[in-house]
Amino acid sequence: MELYSPEGLRIDGRRWNEIRNFECRINTHPNSSDGSSYIEQGNTKVICVVQGPMEPALRSQANSNEATLEVNLSVANFSTTERKKRSKSEKRMVQLKTTLERTFQQSVMCNLYPRTLIRIDLHVLSQDGGMLAACTNAMTLALIDAGVSMYDYVAAMTAGLHDQTPLLDMNGLEENDMSTLTIGVIGKSEKLSLLMLEDKIPLDRLESVLAIAIAGSHKIRDLMDSEVRRHGNIRSSKLAS
Amino acid sequence: MILSPAERSYLYDSLAQSPPIRPDSRSDHQFRPLEAKTAFLPGSNGSARIRLMDGSECIISVKAKVVLASQESSLIECDIDIAGFRDDSNFVSNLKFYLTNLLLHNFPVRYLKLTSRYAFKLFLDCIVVSHSSYPLSLISLTSYLALKTTRLPLLVSDVNDEEIAEQPTFSDDWDNAKYIDDYLKEGETFEPPIFITLGVIGPNLIIDPSTEEEQVLENGLIISFYNNNVITPISNINLATNSNNSNFKGLNRTLITKGIALGNKYCPAIISALNTLIEQDDEEGTIF
Amino acid sequence: MSRNTEISTNERTYFIEALKCGLRLDSRRFDEIREPQISLSKTEFGYVELDWGLTKLAVRVSAQIGKPYEDRPFEGLFQINCEISSMAWAHFDNSKNSNEEILIARIIEKAIRRSNSLDLEALCIIAGEKVWNITVDLNFLNFDGNFVDVGCFGAMLALHHFKKPDISIVNGGEDIIVHDIDERQPVPLSILHVPICLTYSFYNPGNKESNLKGEDDDEIYLLDANLIEEQVREGSIVVTLNKNRELIQLSKNGGIPISANVLLDLSFKSMKIVDELTELIKKVISKHEKERYEELNLKMLEVGADR
């Protein structure tokens, strides 16, 4: 199996700097939630549902200074080709969940909602690389849909390194074989709010991988922004008529 | 959901009328409107999603795996994941038991047999994204759609592998894959079993009670339906969770016969409505 | 949580003001780590005690013979257990699996285990049947900041120090004899590279919003934060590197964002400290080896080698 051909084509026919098909929708669950979104990043598909800000059920979740974020990440048993029963208390799941909670604790203006709980349910229906990135993007959109104040978009993207060439937006096959960097960028800046690298890459190549990942994140931000505006226009046209 | 005494009394009295007056102006045998989508998960053999107008939503995937039939205790396995509930909670375990039990006893398992030694095992995984009323009928209707649209790859190797030990092989062409329906003989149709929930209130039975209605019910009935008949299990249950329902009481036995009659009368309409949904479903890939 | 000693506002302000003047409370430079004090057990292989400032850690490595995973018949088993009890700091209750503990354990595990720092194939005895099962137990005895760096360094040190008993296979691979360490010299583990974790804590003395939007870049980065510094920090990042200039892990779990340039800068600056710490492990271990060699008079046994 050749992940990157000498002609510069990847296993799914993309060039090194191309992202996969990115589809996003907001307000997908208007009747059952305060904010919701659905994201397809290639074959990775994530539903995100936000409840809140609301009164927490437990006293311990009420913080008098800022809102508490609770993320529930559930990865469907059928999300991979081979079905696998997954437990929510798996170490990897707990780590991803904590990472998401802490990332958004900073990007959301939590100080505006003291003593409240914002509950975010993420359902991963299908995974094909870049799960953490897709979850981050889905959360950003759902929180925007819920009208929760945020400093800016958090747009996430993966990038990897094949030999000397950095590759953008890894799919599942590439992710299994190469080291993958996941980053979350605040808006159009070069500020990273999320960073995750789990396998070796040469230190001197970090810069090129990072640069392409940031460029990819900015692209994702634009795509998400146009969806938010599209939805906003539909709403405002309804108001006008 | 907690209702005030005034709300409860108003709701109870209107539902106990003859005919009952339901808050959403449905008649006693009417389901809440729903929208459905099938075959949207390319990685699964079958998939379905049902969304009710109150926002309740359920997604089910069916995956088939080739197994040695002798090593498996059953050829169907169900798993349910409900947002906001622990996997080992009573609520989830009960629902899982209901669904597994119904399918194990009322599913034409013989069509899953591939060769004398190998068989397909079906894994039904269910995600309830959100729900307000008791989600069993929602889950069961979704599983009906998912099973009905499940496609299994076509076996190309020999069916008789008693002597020669070989792994079954399948046709590469997904267009050759067959629905379970296709294995049946002329005149038979494959209609997986379903559950419907009935609310008991005074002398009345109401189909598919909503959350508000659940709060004042005197009892709840779960009726299963397969092959044009109401079948066992028929059970009663308190449908409301987290409520201050003080109306709950024993069940008059005549209501059970009435419930069975109601099931026999209206379930065929539900089945045919679901079949129409599958026929009308367009082939668009995404679910939203 | 009530046992958590919170930092007062005064202390916090004092600390931040000091940082603005370029001072740390223990007068270290911003990119200076505390000097580790190492004591290696003379009697037992794989037991190491480490004092890193006031953070105190005991590590024990142990080996057992076990059965490999079915899908990896040629690889030995290796696990890292991380125990953080309320003995180290009252803030940690003894309840199993707090998120914090899982996070720390995962980061250390990823640094060492996932990066294949230990040659697992060298632990194979009989393929598919018997392999060595190596366990590293990290016990934090006192906590003064920086679990991750100390834990990772301690684990690597102990793995270098550890020796497993020699074995021989008899009866054509049917039985194995485990030789007592007094009977035959035990064998060290084969370690492919030495990952070093470095944690940077950040502080933002300016306005939060303009910082998030990337309008100003005056965050302060401290290496190897102690307890007070860790409680006041607004974000952190773990960089794991080895001597071969390979980046093994980057992990940032929330906190204020870091700009890409700073990240690159920090990673490159880290190399110097990584080299120093790797050298330190090598030096301490070889010194210890030499002492042991002289003490046991092993030279006498080596007549064969001299010939």
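In this document, chain identifiers A, B and C correspond to the written order of the chains, with residue numbering beginning at 1 in each.
Throughout what follows, a contact is a pair of C-beta atoms (placed from the backbone, for glycine too) under 8 Å apart; a residue touches a chain by one contact, two chains touch by 3 or more.
All of these numbers come straight from a predicted model, not from anything done at the bench.
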item: Nearest-to-centre chain - CA centroid comparison; value: A
item: Pair of chains ranked first by number of touching C-beta pairs; value: A-C
item: Interchain centroid distance [CA atoms averaged], chain A/chain C, Å; value: 30
item: Centroid distance [mean C-alpha coordinates] between chain C and chain B, Å; value: 52
item: Complex contact set, residues of chain A against chain C; value: 89, 91-92, 94-95, 98-99, 101-107, 151-152, 181, 186-187, 189-204, 206-207, 210-211, 214
item: Contacting residues of chain B [partner chain A, same complex]; value: 41-44, 53-57, 59, 61, 63, 65, 79, 81, 83-84, 87, 123, 125, 127, 129-130, 132, 286-288
item: Residues on chain A engaged by chain B in the complex (per definition of touch); value: 23, 25, 28-33, 38, 40, 43, 47, 49, 72, 74, 76-81, 83, 85, 87-88, 121, 123, 125-126
item: Of chain C, residues touching chain A in the complex; value: 97, 99, 102-103, 105-106, 110, 114-115, 209, 212-214, 235, 237, 241, 245-261, 263-264, 267-268, 271
